[in-house]
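Both of the next two complexes hold chain A, though its partner changes from chain B to chain C.
So, the complex of A and B:
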């Protein structure tokens, strides 16, 4: 039973990680990255480590995604709707430099 | 090419994880020192939460190192982010919507109570200064998220941070002078499981919680405030 629950959570985490890698909207990628931390929190509870689960929920899911989102805001990348070509051009420029 | 190598790394990492989970039984750590701490930790430190007994009792100076790393990171962040100029009222962001504002007002007291509970009961229940401190930082950042025109008082934050850090080191120094070891647990251990027990460990965790909360709230406020230079 618990193995199946863990399997589902790990699959959700993997989907979140893939979305964080592949999403073109950076704000959505940040949210997807916080999904990974949220799944990890549940796994820590299953592993009987409530302390680590608390830290993961507060720091991993809350604070780090907040800092990433505020960083996006400072860089002017906080956009809910991004035309895909603009982001790709930005990414290529970043890759070259 | 770059994406292909990322996927290759992901596949290898998955294989590694599956091998690891195949060998280890779930939740059964292969350790010896854990048994020793479980046998003697509660009677030696008086803390019902063994993690706190390790973090502040047996490894207090490591916690001080952790605090100084966090302090250095927050100071460097503030140095880079805070340019010193005040944000003009004209360029301030508009207030957030009704949902965010109401939720911020509703959640602020609840988050403060939850954070303080986790900090103060760090020696009894899971959690402690670091976790509760992050929750406190989030609580004090919420009003800024709802109303970006308000600013946080950085001097107060620095005062709280400095005094709590000094309190941690001060308690350690009292232990050094009275009992010959830095961060030696002082005061009576009391009854295990009561709020006033475990000697100085709750005081140390209170200092840690206030320091972490003030530091991270200041860092978040710095990140949020100074975003008008590229406009």
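So, the complex of A and C:
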């Protein structure tokens, strides 16, 4: 049972790593790299290393993603790939409601 | 069906391969930094897995000292704890270097940065960039 849980988590981590390498949007790539850190946190709990899991969750997943995202903003590459039509539709709905 | 350690070893190896391959193959400097973070995660997982035993408990003494149960090895866990923090420091340092490269050269593509750096060195040395690697003064002999 727990083998399947770890198998799924490892697959999610590998998919996140591949997405971080292959995605065009660098903000989404940063989020995918933080998915890898979150999966690693769960695996550390199952590996009987709760202190490493706490540090990985606070520093690896939290602070590292924050630093990378803020650096991305400083680099001027912070882009949300929202289609302009959807943004306009949302704005119109907000204006009506 | 699966062994737990073999699943996790396969995952750690996959993370290392993806991270190192991304570092070698990508041209964008920020993506190289992300690949470094992923390879570091794979290395940490492999180190913790080196001291893991399925029938052992966490290395925290909660019962009396006389009857301590079997524990996993706490030394790789302490090393990985240090490596996580140092890894974030390395990422922050690399990010400041990337920001300064962006401010100096205006691009983040590795090949363009390399070309501009070579041009800058050639300008500093008063050499034309084509003949810099060729042995000079073949016209005077």
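In this text, the second predicted complex is superposed on the first by the 81 of 97 C-alpha atoms of A that agree within 3 Å, B and C clash if a C-alpha of one lies under 4 Å from a C-alpha of the other, contacts with A are read in each partner's own complex, and residues count from 1 in each chain.
We adopt the following convention: a residue touches a chain if its C-beta (ideal position, glycine included) is under 8 Å from a C-beta of that chain, and two chains touch if they have at least 3 such contacts.
The model shown is predicted, which means the values in this text are computed figures rather than measured ones.
Student: Quick check for you: in the superposed arrangement, does A:29 touch first (chain B), second (chain C), both or neither?
Tutor: second
Student: Regarding the shared-chain residue A:73, is it in contact with chain B (first), chain C (second), both, or neither?
Tutor: The answer is first: A:73 touches chain B but not chain C.
Student: Just chain B (first), just chain C (second), both, or neither: which does A:5 touch?
Tutor: neither
Student: Which partner, chain B or chain C, is in contact with more residues of chain A?
Tutor: C
Student: Given the touch rule stated above, what does A:20 touch, chain B (first), chain C (second), both, or neither?
Tutor: Touch status of A:20: second partner only.
Student: For A:60, decide between first (touching chain B), second (touching chain C), both and neither.
Tutor: Touch status of A:60: second partner only.
Student: Which chain A residues lie in the overlap of the chain B contact set and the chain C contact set?
Tutor: 2, 17, 21, 47-48, 50-51, 55, 59, 63, 67, 71, 74-76
Student: Show me the residue ranges of chain C that touch chain A in the complex, using the header's touch definition.
Tutor: Contacts found on chain C: 1-4, 7-8, 10-11, 14-15, 18-19, 21-22, 26, 28, 30-31, 33-35, 37-38, 41, 44-45, 48-49, 52, 56-60, 72, 77, 80-81, 84-85, 87-88, 91-92, 95, 98-99, 102, 108.
Student: Mind listing the chain B positions that touch chain A in their complex?
Tutor: 2-3, 6, 10, 26-27, 51, 118, 126-128, 130-131, 134-135, 137-138, 141, 216, 219-220, 223-224, 226-227, 230
Student: Provide the residue numbers of chain A that touch chain B in the complex, in ascending order.
Tutor: The contact residues of chain A facing chain B are 2, 17, 21, 46-48, 50-51, 54-55, 58-59, 62-63, 66-67, 70-71, 73-76, 95.
Student: What does chain A use to touch chain C in their complex?
Tutor: So the residues of chain A touching chain C come out as 2-3, 6-7, 10, 13-14, 17-18, 20-21, 26, 29-30, 33, 36-37, 40, 43-44, 47-52, 55-56, 59-60, 63-64, 67-68, 71-72, 74-77.
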